[in-house]
Structure formats: structure tokens, C-alpha cells
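In what comes next, subunit A is part of two complexes: it sits with subunit B in the first one and with subunit C in the second one.
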Partner chain A sequence: MDLAVVVLIQVLYAVAGLVIVSAGLAVIFGMMKVINLAHGEFMMLGAYATLGAHQLGLNLWLAMLVVAPLAVGAVGVLLERLVVRRLYGRMVDTMLATWGLSLLLVGIVTSVMGNTTAGVSAPLGSFAVGAYSVSGYTLVIIAVAVVLALTIRWVLLRTPWGLIARGTMQKPEMANALGIHPGRVYATTFAVGAALSGLAGGLLAPLTGVVPTMGGAFVAKAFITVIGGGPAILAGLVGASSLFGAINQLATFLTTPVLGEVALLLAAIVMLRLLPQGITGRFFKGSL
Partner chain B sequence: MNRFAQSWHSAALSLAVGAVLLFALPGLLDEYTLLQVTIYAVMSILAVSLAFIWGFGGILCFGQAAFFGLGAYTYALAVMNLGDSTLPFLMAIALPALFAALLGYVIFYGRLSDVYMGVITLTVTLILFNLVNSTAGPEWRIGDAPLGGFNGIPGIPTLNVPGRPDELLSPGALFTLTGVCLLVVYGLLRWLIASKIGRVIVAAKENEQRVLLLGYDARAYKLFCFTVGGAIAGLAGCLFANWGAFTSPTVFGLAQSAQIIIWVIVGGLGTLVGPVVGCVLIQWLTTHIGTQQTFNANLVLGAILLGFVLMVPRGLLPSLGDLVDAGLRRWRQRSPRAAAATPATAEETAA
Partner chain C sequence: MDRRSFLKSSSAALAGSSATLLPLAAMAADDIVVGSIHDLSGGLDIYGKPMADCMTLAVEELNAAGGLLGRKLKLATYDPQSNMQLYAQFAQQSALKDKAAVVMGGITSASREVIRPVLGRHKALYFYNTQYEGGVCDRNTFCTGVTPAQTVAKLIPYAMKKWGKKVYVVAADYNYGQITSQWVKKFVQEQGGSVASIDFFPLDVTNFGPTISKIEAAKPDMIVSALVGGSHIAFYRQWAAAGLNKKIPLASTTFAGGNEHIVLSPAECDGFLVSYNYFQSLDTPQNKAFKERFYKRFGADYPNITELAMGTYQGFKLWAEGVKKAGSLDRLKVIAALESGVSIDGPSGKVSIDPETHHCVLNVSIAEVRNKQLSIVETFQQQKPLDTSAVCNLKKNPNDNQQYVIKA
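Take a look at the complex of A and B:
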């Protein structure tokens, strides 16, 4: 019984981790059809922002939940203006340019911070479930993922900004005729996506250790989660995260973490062969 | 497209330059430099493999390093078990080709679009990297050869004269072999591109639907193109394992895949020689960056990739070709007698 609870928590945690890691990419790719291969590096910047702010004496929660998204959002504004804006509509070129960007960011951070692992310790300690103990931070990750998904849904469906953003992505000319500046909407969306990536980096900083190359571990996972999710941003994100997260965690539980990762990636390939349009290309059509 | 680049003159010119280098370099360079040049040639074969499938097949493969790594590991494991290097050499080409055929079947017959193609090839590379990286323990072995995990496989027996396992190739002979491989691969690819199959492959890149309507099975042609690319990358991997007598999981790494793409982008998409030039330039640059401390290699590579995508999207060689074309045209316009004498020139100016 205790074991079942612990495994359930771990599975939820894996799912939540994927939701958090992929949310920023889901917004940028799902809304703007821009494949941001520098996503992992945005997370890395978020982690460094958290680390820096915490070392300057700021409360860890503030550093993670406020400083990291703001800092990376600002970087996102800058990069959208300098690079991404020139390549809208050219999917492959955007992919290549953002890959260049990711190498560039790794290079810059390595030059400035050195190629060493820094870390923040996870807050909240742990609590006992029968004979097992579970880290309290695990529950924080699960809670943040739920709040994040609900917030994205609320913003997109219930606020004027969400309406404007969705409308602009569907028909930029029409939005423009109605007095909305599409360029500004694109820039804002990209910045929001970047901020979400920064938040993910901040949240994961206590779990993974902060190195310039840490982004590489996440970009592929985030990428396949978003692609596997298909056209509906939120339903796809949650659906694909649940599927891949559960497979990853169960395989890890039964074998080793490495094979867990392999199982996740294999599942993604098999799924894309069966559902080339992603999960929401077949199920939950028309949802958000 | 440059007229010259498509004509057989350019193929002959490239082959001639390559042959001259092949004969002249061993006499001109000391052994250490020759070894450096050998790795440039090995990587050039890898660059050509992606140049073919991306530039002519329109298949953007983020995981060309997977086939490269498979080639290296296949050769290493096979030669450590078999002793004689002839069969391992062939296996290192055949196995990656087979793997590419399987992967290509999933991708092309599933009618996955470009983006998904990128994701799947990237994912497969990561799987291989993760798997091989985790095989460090002594229980992971194939026959007599331990897989080595993140430590890699050291002391790989290098190629020998076919049938005589004791007569290993000297570094000079390895250079000649690599150079010959590069030239043969280049020549065969130029021939393939000019053949009917090659024309269908290029046509499928330009407009897949029209090719389908004309009665060609575009999937099969793409699959063939992808498989050939995998075989060539496997050959490069095999030569790489011979070059250093060493291979490690980094051959499967994302950095390796990124490099190949950068070579092609810098040299010029849609040509075969361009990526070779790009490869040599970038390799030379990264070797030199490694010797100084100011700039990080990632930083420079990232900046180059970004700069080329934004400012020179066609790459060095085609852009250079355009400049030469424009120069020639201006020169011909200035001398009306030449223009009148050759009607073809007038056509060219109009086009």
C-alpha cells in the first residue's frame, strides 16, 4: 500500500516535471509554430538567475518563482527582436538559428561562470509515507504543474490577452485590421514562453545542479512532449506529459533510470508512427 | 542554381583537385600534420553524407551522428572479435545503412513532416547516446569486446591489408585510403545525382506531390537516399575509429550532430563540395580555438551558425558562385560583341 502511494507520487512527479519543462516550448511552438531549440538554454539561464539571486541573499522561493521568469522573459524579448523575428514562417531556419543560439548561450555562460556545477539545496526536507520517505519538494513540483496548467488555460480562455493572442495566431491580417499590432503580440507570446522556460529552470535548479550544459538534457524531452501532444496546446501538453511521464517513471521503477529515459524516447517514436499528428490530432480535437 | 555547379566540369575539377592533394600532401607534410589532414578527410566524408541527404534529398537529419557512431562502434566491436579487418570494414558500412533503412521506413512510410523527422532523428541519437553511455560495467560486452560505456573503447586494432591481420596500414596509407574513399564517395554521388534516380530524388525534394502524380513512389526514393546517407556516414565512422584507434559515446552526441549541420550550412546547402570546404574550415577553426582560452568553442560555433542562417543562408560556395556569376554577366554586358556572338549569353542574362 505504502509502495503504491510512493509509486503514484513518483509517477505524478514525472508527469509534472514534463509539464513544467515543456510549458514554455508548448506556448512558443504551439502558438507561434516556432521551434525553439534554445529552450534548454532558456531553462539554464533561469537556473542561473535563481542561483545568483539566492546567493545575493534573496529568498529561494522569490528567486525561483519571480526572478527566474522575469530575467529569462527579458532575454526572450531581446532575442525575439534580434533573431527570431527575422525568421517567422521559415520553420527549418528558425530551428537552425535557435540551435546556434543555444550553442552561443552555452558558450557565453561557460566563459562567464566556468564549466562547474553549482547547486542550491532543495527546500522543505522530506516526510514519511509508511516505511518510505518522500521529498516535500516533489509535492511542490506537482502543485506548481497543476497551477501552471490551470493558469495557462485561464489566460488563454478567459482574458482579453488570451483572446487577442489566439486570434492573432489564427489570422494576423484580420487582427491587424482590428487595430492590433501582430508583431507586438508575437513578441509578447515569445517572451511569455521564455519566462515559462525560465521558471522551469528555476524550479529544477535544486534538483539537477546548475551547469552551463544542463539544457541539453531537457530540450529533447520537451521537444517530443510538445510534438507528441499535437495541435491543441494545453490538452496536448498534459496528455503527452502524462503518457511519457508515466512510461518513463514505471520503466525507471522496473529497471534503471537510463532505461527509463530510453523507454520514454522509444514510446515517443512509436507514438509518432501511430499518431503522426500527435495525441490531440486524434483525440480531444478542438480542445485547447 | 549555378550552371557550372551542375555541369560535369565541376565534378571533374573537384576530383582533379582532390587527386592532386591526395598525391602531393604525403610528400609535403610531416606525419603529424598528415594525421590532422586525415581527420579532416574523415569528417569531410561525414559532411558529404549529410550534404547529399539534406541538400539533394531535402531530408534534414539531426541525427547523422547516429550512423557515424554506429559505424565506429560496429567496426570496433567486429574487429576486436574477428581479428581481420576486411569484414568489419564492410559491416561498418552495412549496419548503419540497415539502421537508416529501418528508421527511414518508419519516417517516410509514416508520412511524417520535416519537423517530426527532426525530432525522431534527434531522439534516436539521444537513445543511442544514453544506451552506449551506460554500458560501462564489465558485464556489457559483445563477444571479446567490452562496450566501455562512457569510457569508450580504446586500442581498436586498425585496418590491415585484406587477409593478412598482421600487416597494419601505416598512417600514410590510412591517409591515402581515406582520401580515396572521399573521392570515390564524391564521384559516385555526383553520378547518382545526375542519374535518373537522382533526378527523381531532387524532384521529390522540390515538389513531392507532383512527383507522386507523375507515378513515382517518392517515399521509396527518399528512403533510398536516406539509406545511402547512412552508409556513407557509417564509412566515415569506421575511418574515424581507425584514425584514433579509439571511439567513445561522444560520437553519438548532440555536439557531433550540430557540427555536421554547421558544416553543411556554412559550406552551402545543395552542393557536395561546399560542405567539405565548410568542414575543413570549421575543423581547423575548432582545433585552433582549443589551443587558446579567450573564446569557448561553443560560443564561436553558435555565433557562426546563427550568423550564417541570418546573413548567408545559402552558404559560402553558392554565394561565391553567385558573385562570380554576377561578375561574369556584368563583364559580358560591357562587351556587346561577345553577347551578340553567343545567343546563350543573352538567354542567361534574361534568366
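Take a look at the complex of A and C:
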């Protein structure tokens, strides 16, 4: 019984982790069709922003939940202005450009911060579930993922900005004819995507070692999740995260961590063979 | 700018920058060249930088004392940038272009196996100064780092006596972790204990949640970790976040090698046990004098003088001792001199070459992590490389040239 609860918490945690790691990419890649290979580096910047703010004496929660997204959002604005703006509609070119950006960001951070692992300890301590202990921070990650998904849904469905953003992504010419400046909408959306990636980096900082190259461990999983999700970004994000997170975690429990990773990738391959458009290409059509 | 002028100017710039990288032009003709190939950038630089610093210090000290055989030494340093192709290229340059009297370098076992054959082919003496999994048997190569029979063999019985007989192993999923975990298993069983499970992790795994629950379910008396690199620090973080570092103790064959004990907070890792040849807290006159010289050269705020850095310093000293004894730089004469049983009084204690294996007999200590420091709890004098000597005898088979994979 205890074990069942612990497994359930761990599965939810894995799902939540994928949602958080992939949310920024779902916006930038899923909505805007920019293949952002610098996604992992945006997360890395978020982690460093959290660390820096915390070392300057700021409360850790503020550093994670406020400073990280704001800082990376600002970087997003800058990079959109300088690079990404020129490449909308040219998917393959965005891939090359953002790959270059990711190398550049790793290089800059390495020369400033050094190639050493840093980090902060996870707050909140642990609580007992029968004979097992679970880190309290695990529940924070799950809660943040739920809030994040609900917020994205609310913004896209219930606010004028969401409507404008969705409309502009679908038909920029029409949005323009209605008096909306598509360039500005693109810039804002990219910044929001970057900020979400920064938030993910901030939240992960206490769980992983913070190194300039840490992004590499997450970027592949984020792409698999977003592509597996298909065209509806939010339903796809949550659906694919649930599927892959659960498979990964259960396989890890039953076998070894290596086979857990293999099971995730295998599931993704099989799923894309059966559903080439992703989960929401077949199910939940027309949802968000 | 057209393409031709771009190519011209960029190749000129490249030539200019590489000329400054290679210190060849400045070398006087009769200086003895010592090759140093350590990663100073890329993922492994955290290990490589202290090693290169120790190389610099050792050469400077020897020059200040008059050099070797009446000649000055010149260090030819290369940075392979954690890239295996560059290792091969730089090993070749060291051997053929610099005609280095000895080449010291290589950090991971993979990089060692890249440069070892290159240096063997070009007849350049090679020193590998890193702790590793053991088994290299090659007359042209000297391995001065500790091997599992020296560290794991002491750490496991000590920890088991203190904590109990049921052991859970977590290890990095490549040859170091695979082989070392087999050694752990062997020593646990020799002590009458049992291994609950051995779990391997790819180097980029950062989520250890399921494993931690599995460990709890197995209820071991202690954990042995052979985890490697930045991502795996997450294990110690999540282990502490689940409150388990207070319940189940941990010993490690790799912890603190990359200064993990400074990165993590004392609350997360106090009480961990590790075992190496050198700790900067060693209380000997030689070590005190060494630390004074080291801090004077590189600054008093140097975070930690690592095991690998000391291996490099002592490896260089052993080579210099061999040259003095041989009275020549001739490779075969130096090897013969080293095989006659050269030893030095290093900061870690007496270190001598084991003639049959080209490994070292040296002191090994067990230390406990306490408040970002490593406090020594027990020291074992003059440990022999028994793992390698079980399979390798270069006195009998001087032409042997391979790495034995030891079956534990």
C-alpha cells in the first residue's frame, strides 16, 4: 500500500516534470513553429538566474518562480529581436540558428561561470508515507505543473491576448488586416515561451547539478513530448507527458533506470508510427 | 569580403592563434621537453585544471633546483578539450614534433586508451596519473593512480564494519562504473555481506526518484556510489531531499573527485565515506610544505587539491627520480631505472614503482566528509596494486601490451 502511494507520487512527478520541461517548447515550437534547439540552454539560463539571485540573498522561491522566468524572458526578447525574427516560416533555418545560439550560450556561461557544477539544496525537507520518505519538493513540482497547465489554458482561451496570439499564429495576414501587428505578437509569444523555459530551469535547479551543459539532458525529452503531443499544444503537452512520464517511471520501477529511458524512447517511436501526427492528431481533435 | 580573401585572412588568423598555443618556437634547443595533455576545457576541465597546475608547479620546482642532468625542463602543454580526436593528435605532436622525453596525461580511461598506443608506437614514455579501474599492462606505460584493490578493498570492509552487511550499489553506466561495481561486489561478499542490487545510470540521468524508492524498499544497511559527473550530483541532492541521508549511510569510490563535497551543502553529504591516496588534510610535514608552495603559486583560495592533481605531481616526481637514477633520457634506460624500484617521499607519503606492474605502491586513507572538508579517519600504509599484479607481470613478459579486464 505504501509502495503504491509512493509509485503514484513518483509517476505524477515524472509527468509533472515533463510538462514543466516541455511547456516553453510547446509554445515556441508547437505554436510558433520555431525549432528551438536552444530550449535546453534557456533552461540552463533560468537555473543560473535562480542560483545567482539566491546567492545575492533573495528568497529561493522568489528566485525560482519570479527571477528565472523574467530573466530568461528578457533574453528571449533580445534573441527574438536579433535572430529569430528574421527566420519565421523557415523551420529548418530556425533549427540551425538556434543550434548556434545554444552553443553560444553554453560558451558564454562557461567562460563567465566556469565549467563547474553548482546548485542549491531542495527546500521543504521530506515527509513519510508509511515506511518510505518522499521529498516535499516533489509535491511542489506536481502542483506547479497543474497550475501551469491551467494558467496556459486560461490565458489562451479566456483572455484577449490568447485569442490574438492564436489567431496570429494561424493567419498572420488576416490578423494584420484586422489591425494587429503580427511582429509584436510573435515577439511577445517567443518571450513567454522563453520565460516558461526559464521557469523550468529555476524549478530544476535544486534537483540537478547546475552546469553550462545541463540543457542537453532535457532538450531531447522536451522535443519528444511536444512532437508526441501533436497539433493541440496544451492537450498534446499534458497527454504526451502523461503517457511518456508514466511509461518511463513504471519501467524504471519494474526494471532499471537504463531500461526506463529505453522504454520512453521506444514508446515514442511506436506511438509516432501509429499516430504520425501525435496524440492530438487523432484524439481530442480541435481541443487546445 | 570575397571567399578567397576570407580564406586567406582566416587561415592567417588560425595560424597565428595556433602559433601562440604551441610553445615550440620559444624552446631552446637543449631543453628537456615534457609533454602534458590534460583537459583544460570541456566537460572534464574540473578534473584537468588542478592536474595541469600540479604539472606546472612540479616543473618549476625542478628547474629552480637546477633541472635534470644539468638541463632545464620545458613544459609543452596541450588542451584536448575533452575531445578524443584531439588526444590522438596531441599525443602524436608530443612524441614526434616536440620529441618529449615523457608524456603525462589522459583523464578518462577512454582517453588513456587513445594515447597509449600512439605513444607506444612512437616510442615516447607515458605516465597515466589518474585513479582508474586497473589492469593496464604495458612496459612503456606507468600508472601512478590508485586502483580498486587499493581503495575499494579498504573502504568496503571499513564501512561494512561500521554500518552493516547489506549493500546497495549505484554506479555510472560506463567501463569505470561497471568494473568498479564488480569489485565492490567481490569485497562485500568476501566480508560475508550481500549486494541487494547494482543499478547503473547513464551519465545524463537526473531523475533518481524511482531508484530512491527502490533503495528504500530494499532496506540496505549502506549505499556504495560510483556515480560520475555533474548530472549525478542530483542523486545526492534527491537522496538528501527525501531525508534518507540521515537514515542510510553512504560510501563512495568517486565522491569528492570533482569537489562534490564543496558543491553540496554539509547537511546533504556530511558522513559520507571516501577513500583515496591523497587528501589535502593529510597531516605530514611533506604535505604541509607542499601546500605552502602550492598556495603561494596558485593562490590561497584554491578550492581543493584533488587526488588526481596529487597523482600528477607524484607521477612527475617519480619520472624525474628515474631519470636521475638512469643518468640519461634514453627511454629504455629510464624504464629500466624505474623498474629497479624507484620511490619518492611525496605529500601523500612514500610512493614507489611496483616493477612488475608499472603501478604504484602507496598509502591509502579513508576519510569522512565533514563540513565541506575531508577528515581522515584511517590510513593504510603502502598498499600494493594487487588487482593488476594478479594478471600482469612485465618482468616476465616485457612485451605484454594490453588492458586486462579483471573478473572480480
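Everything that follows uses one rule, which is that the second predicted complex is superposed on the first by the 288 of 288 C-alpha atoms of A that agree within 3 Å, B and C clash if a C-alpha of one lies under 4 Å from a C-alpha of the other, contacts with A are read in each partner's own complex, and residues count from 1 in each chain.
To be clear about the criterion, a contact is a pair of C-beta atoms (placed from the backbone, for glycine too) under 8 Å apart; a residue touches a chain by one contact, two chains touch by 3 or more.
All figures in this text were calculated on a predicted structure; none of them were measured in a lab.
Q: Once the structures are superposed on A, label A:A14 by its partner contacts, choosing first (subunit B), second (subunit C), both or neither.
A: A:A14: touches subunit C, not subunit B.
Q: Is A:E261 touching the first partner subunit B, the second partner subunit C, both, or neither of them?
A: Both partners.
Q: Is A:G125 touching the first partner subunit B, the second partner subunit C, both, or neither of them?
A: Second partner only.
Q: A:T252 contacts which: subunit B (first), subunit C (second), both, neither?
A: Touch partner of A:T252: subunit C, not subunit B.
Q: Applying the touch criterion given at the start, work out whether A:G209 contacts subunit B, subunit C, both or neither, answering first, second, both or neither.
A: In the superposed model, A:G209 contacts subunit C only, not subunit B.
Q: With the two complexes superposed on chain A, say which partner A:V92 touches: subunit B (first), subunit C (second), both, or neither.
A: A:V92 sits against subunit B, while subunit C stays out of touch.
Q: Which of the two partners, first being subunit B and second being subunit C, lies in contact with A:T117: first, second, both, or neither?
A: In the superposition, A:T117 touches subunit C alone.
Q: Which residues of subunit A are in contact with subunit B in one complex and with subunit C in the other?
A: 110, 216, 256, 258, 261
Q: Please name which positions on subunit B make contact with subunit A in the complex.
A: Residues 60, 106, 110-116, 118-120, 122-124, 126-127, 130-131, 133-134, 254, 258, 261, 265, 295-307, 309-310, 313.
Q: Mind listing the subunit A positions that touch subunit B in their complex?
A: 35, 83, 86-87, 91-93, 95-97, 99-108, 110-111, 216, 220, 223-224, 227, 256, 258, 261-262, 265-266, 268-269, 272-273, 276
Q: Which of the residues in subunit A come into contact with subunit C in the complex?
A: The contact residues of subunit A facing subunit C are 3, 6-7, 10, 13-14, 17, 110, 115-119, 121-122, 124-126, 131-138, 204, 206-209, 211, 213-214, 216-217, 249, 252-253, 256-258, 260-261.
Q: Which residues of subunit C touch subunit A in the complex?
A: 41-43, 45-46, 173, 199-202, 204-211, 213-214, 216-217, 230-234, 237-238, 240-244, 247, 258-260, 263-265, 267-268
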